[in-house]
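Each chain gets a letter, A, B, C, D and E, in the order it is written, and its residues are counted from 1.
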Amino acid sequence: MIGAALAIARVKLVLELRRREVVFAMLLFVAATIVIVHFALRADDGAGPRAAAGMLWAAVVFTAVLGLLRAFAAEAEEGALDALLLAPVDRAAIWLGSALAQFGFLVVVEVVAVPLWWLLFFQEEGPAPLPVIAALLLANVGIALVGTLAAGLALGARTRDVLLPVLVLPLAIPLVLAGVTATYGAFGEEGGGFGPLGPLGFLALYDLIFLALAWGTSEHLLGD
Amino acid sequence: MIGAALAIARVKLVLELRRREVVFAMLLFVAATIVIVHFALRADDGAGPRAAAGMLWAAVVFTAVLGLLRAFAAEAEEGALDALLLAPVDRAAIWLGSALAQFGFLVVVEVVAVPLWWLLFFQEEGPAPLPVIAALLLANVGIALVGTLAAGLALGARTRDVLLPVLVLPLAIPLVLAGVTATYGAFGEEGGGFGPLGPLGFLALYDLIFLALAWGTSEHLLGD
Amino acid sequence: MTLEECSKRFGERLALRKATLAVEPGETVVLLGPNGAGKSTLLRLAAGLLRPTAGHARIDGIDAVDAPRALRAGMAYAGHRSQLYRGLTARENLALHARLHGRALDLDGSRAAVGLADRADERIDGFSRGMLQRLALARATAHEPVLLLLDEPASGLDADGRTLLDHVLLEGRGRRTQLVASHDQDLPARLGARAVRLDTGRIA
Amino acid sequence: MTLEECSKRFGERLALRKATLAVEPGETVVLLGPNGAGKSTLLRLAAGLLRPTAGHARIDGIDAVDAPRALRAGMAYAGHRSQLYRGLTARENLALHARLHGRALDLDGSRAAVGLADRADERIDGFSRGMLQRLALARATAHEPVLLLLDEPASGLDADGRTLLDHVLLEGRGRRTQLVASHDQDLPARLGARAVRLDTGRIA
Amino acid sequence: MRALGRPSTTVPLILSLILVPLTVVLAFVWTGEDVDQGFSQKIFYLHVPVALTSYAAFGYGAFCAAMYLWRRDPEWDLRSYVGVHSGTIFGTLVLLTGPIWAKASWGVWWNWGDRQINVFLILFLYYCAYFMLRFSLDEGERRRSASAVYALLGVGLIPLSFLAVRIAETLIHPTVFTSSGAAMPSSFFLTFLVGLAGMLSLMALLMAVELRGKRTAMRVLELQRAARGEDA
């Protein structure tokens, strides 16, 4: 099960990242995104940590959507999904493999983007790195889980369940909220609550809940 | 020439809009972007027209990029591009048709997104609607022109999906600058000039220049 | 493999109408019938890739859609599309397949069998139509299935490839259950197989 | 249609090596050769969809890639893929084609010709393999081309469809230039056409 | 394809060997200290020539791209590539010297509020993307024309971006070359001109060397293929 999921994840990551220039392209992409958001918001007057945190998370979400749009693109091309469905592995493994690939993709982008973001915004004093990294990782898990579920639902849908995948996307909003709050906290700013859990605890809880939900439903996810 | 372009544009719009989920997903994406950027920047404390304008334009640019990723998707599926290339129409017509479809797609999304934006940000007093709408339309033209050109260039590329945003985002910068300025102006705020042209005139100039460039090169665009 | 009064509806179109068919273990059956008769639909039902609108498709008495992993391990289906990843090389495609089936990659066996000896490390999006079809067949037979479902396997193959395919099917006769859709009227005779004729969703 | 010492390279692979071929106006030529021989590449070069790495592909003496609109109006190419929009209906696909060729849609003519009489208003992603192929052929012949390039047009067709195809090709003999790639060794004899054999990119 | 002549390497080599050291001498020995900026202003003689040279290189790349689309001679494609390439090399220098000066003069490495330098960054990214596009297409006609079209689009982007920024607002980043002439002492200006000439010859040298290398590589490939009995 885990083995199969890993094999699938590996293939999907290889497909996306095989060419070295992809990483380079992502670097350019993130830089361009940050600059554009900068211009759009006219953040010239010392926008400070708020703008910085906002831009990071906006870029993360946008990249995630971009990635999710392609979640099952390779399988759709030549009907490779049939082969996966007929292989002696659980459907949960297919979904998990895709989610892992999605997670890996996000991590790769962030490994490039976050240092860049740091460099761009904090020449002197930045936020504490650990909470930011933790928030990003937890949010990646959540986005990958929920997003892959949505993409899987959208896969077979021609007319009936068109709305289903769309309904799943807003599920990413709590992740961003918690992520931004955690990033604020890392600046020593007032993070604005999330009660006793804290934003990181909230993210972890979110991940657990959706892992359970997605796992339970993944058998019904793909195929007819 | 124009007739052929219109026929192609019609087909492409029908294809996108018939797949209702694409439009829904786009709308949702726009809404989510606005809400997320809103939350991300914690614009709760009366962020004002600046943040509002910025969010609108960031959402427009990223929606456009997502749309462009699908610009030639239908043609790629079953090799329909071959048929277009062999038809007795200029390649410029194929490109123009795709650009028109892209423009139409952006308008459809904005027809829903802009009122939403208005509702979210201006319960009392909003900007003058006309300049904002004019700026959006002019910017749509520019993005559709340039973006379709870039999508055509990236067509045979192995890493098309990461490549395209990188190709398009820099080209969109002047549009964002002018669009944001025009939106400021609509609030009666100091827009910051653009000299005698004004931001709308600048957008029109942009459209004209790239129309000329794209037209001149479009014969070299698609195919081998 | 049995179909019991199996029907499949797509929207308003009935692609298969109460089809009943039993293929004995080790038997080879050739599905014949005009375009749109429902051959592909029948095969996909048999593979468990589609859920019948009415009736049952069973493998060893178990509903095909819910076939447990052990059953799927002994099954293979090759349809109109190659089921391969276009961005991977031939070797990587076969390796993934082997991995999912919990087997070691037997590249020599497979590639020799389909005559792609020197192209294993090329991305398959540069392959020609027939080369893709050969690779698709290699993939389907790599894990030595006991139930082999093939949908027009000869399409795109040259004379050589068709001989090879006949050879595979003849070799499999008696050793595994084979269900092959084809437009080749002579195939049943050549394989010494039972012919089943479909027309507008009905088994004749 | 002539090819003069035409070569095509994909990366390091030479798919076609100095192929020289002249098809006279009104002549029908059948391209034969094993998988990966370069048949499809040759056809795409002839259609002007690929630019030769060396040499020239010409139609009426004009370079195929730069063929002006008037020339393309009389040309048709049907390859391994259907060149149709999956999200459109059969009628919409043919209508677009007719529109681009500046013609009125002659649906009755086309659909009768391929036997899809009652399916014109269905989206083609529900079509079976053979139905798609029929529609692709209907599209390619709808504008009465004088140069017809077909790449394995019989693939996926049932007996009926193949008869129909033979009929179309026979009818076109002498009236238009036809270049057909096929794995059917009997086709040249059946059409009374010249056979040209390709092997690993070389015309034998 | 060999119709275009071989670019000379000796002339630009000699010129750069004279002009570049001369700039350094002039900058440190001849010109005085800037009243506002003091010693850190010396970087002006590197920073600005390098920036203008990068524009020149991009412009050359775009010009050759247009020529390619017109003539379809692969040699123009190579030249266009070489132009864009040295443009990015000099652009990298701008992005190194600018922040160094900025650290000395503004106290930060980068000012996100300044549109002008951000726009330069975007242009730089734009031409970085040129390489991504080029190298994700297979060698051949399609790669050449796509690269050319993209390089040519930059011709629209550069003036528009600067127009957008210049007329949009006041800048932190200085503008000395105004319509009323250069706002600086003539010794500064002369040194700057020498520096510019030096950088331009350096650019010419760089492009000539790379062009030769590329041609040789292509020739080697052709010979290898010929040795294998392949003609194209």
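Convention: contacts are C-beta pairs under 8 Å (C-beta built on N, C-alpha and C of every residue); 3 or more make two chains touch, one makes a residue touch a chain.
A quick note: this is a predicted structure, and the numbers were derived from the prediction, not measured.
Enquirer: Moving only between chains that touch, what is the shortest number of steps from chain A to chain E?
Expert: 1
Enquirer: Report, in degrees rounded to the nearest 5, the angle of the rotation taking chain A onto chain B when the C-alpha atoms are fitted.
Expert: So the copies are related by a turn of 175 degrees.
Enquirer: From the C-alpha centres, identify the chain that is farthest from chain D.
Expert: E
Enquirer: When the centre of a chain is set as the mean of its C-alpha atoms, what distance in Å lies between chain A and chain C?
Expert: 37
Enquirer: CA centre of chain B versus CA centre of chain E: separation in Å?
Expert: 30
Enquirer: Determine the centre-to-centre distance between chain C and chain E, using the mean Cα coordinates as centres, and give it in whole Å.
Expert: Measuring from centre to centre gives 59 Å for this pair.
Enquirer: Would you please write down the residue numbers of chain D that are in contact with two or more other chains?
Expert: Expected reply: 10-11, 51, 80.
Enquirer: Any chance you could list the residues of chain E touching two or more other chains?
Expert: Residues 115, 122, 125, 129, 132, 136, 138, 140-142 of chain E each touch two or more of the other chains.
Enquirer: Which chain A residues reach two or more other chains?
Expert: Touching at least two other chains: 19, 21, 25, 28, 32, 35, 39.
Enquirer: Could you list each pair of chains that touch one another?
Expert: A-B, A-C, A-E, B-D, B-E, C-D, D-E
Enquirer: Within their complex, state which residues of chain D touch chain E.
Expert: Residues of chain D touching chain E: 5, 7-11, 14, 17-18, 51-55.
Enquirer: Flag every residue of chain E that touches chain B in the complex, lowest number first.
Expert: Against chain B, chain E makes touches at 69, 115, 119, 122-123, 125-126, 129, 132-133, 136-138, 140-142, 145-146, 148-150, 152-153, 155-157, 160-161, 163-165, 167-169.
Enquirer: Please give the residue numbers of chain E that touch chain A in the complex, ascending.
Expert: That would be residues 108-110, 112-115, 118, 121-122, 125, 128-129, 131-132, 135-136 of chain E.
Enquirer: For chain D, which residues count as touching chain B in their complex?
Expert: Interface residues on the chain D side: 47-51, 65, 69-70, 72-73, 75-77, 79-88, 92, 96-97, 99-102, 139.
Enquirer: In their complex, what parts of chain A are in touch with chain B?
Expert: Chain A residues touching chain B: 19, 21-22, 25-26, 28-29, 32-33, 35-37, 39-42, 50-51, 53-55, 57-58, 61-62, 65-66, 69-70, 154, 157, 162-163, 165-166, 169-170, 172-173, 176-177, 180, 184, 192.
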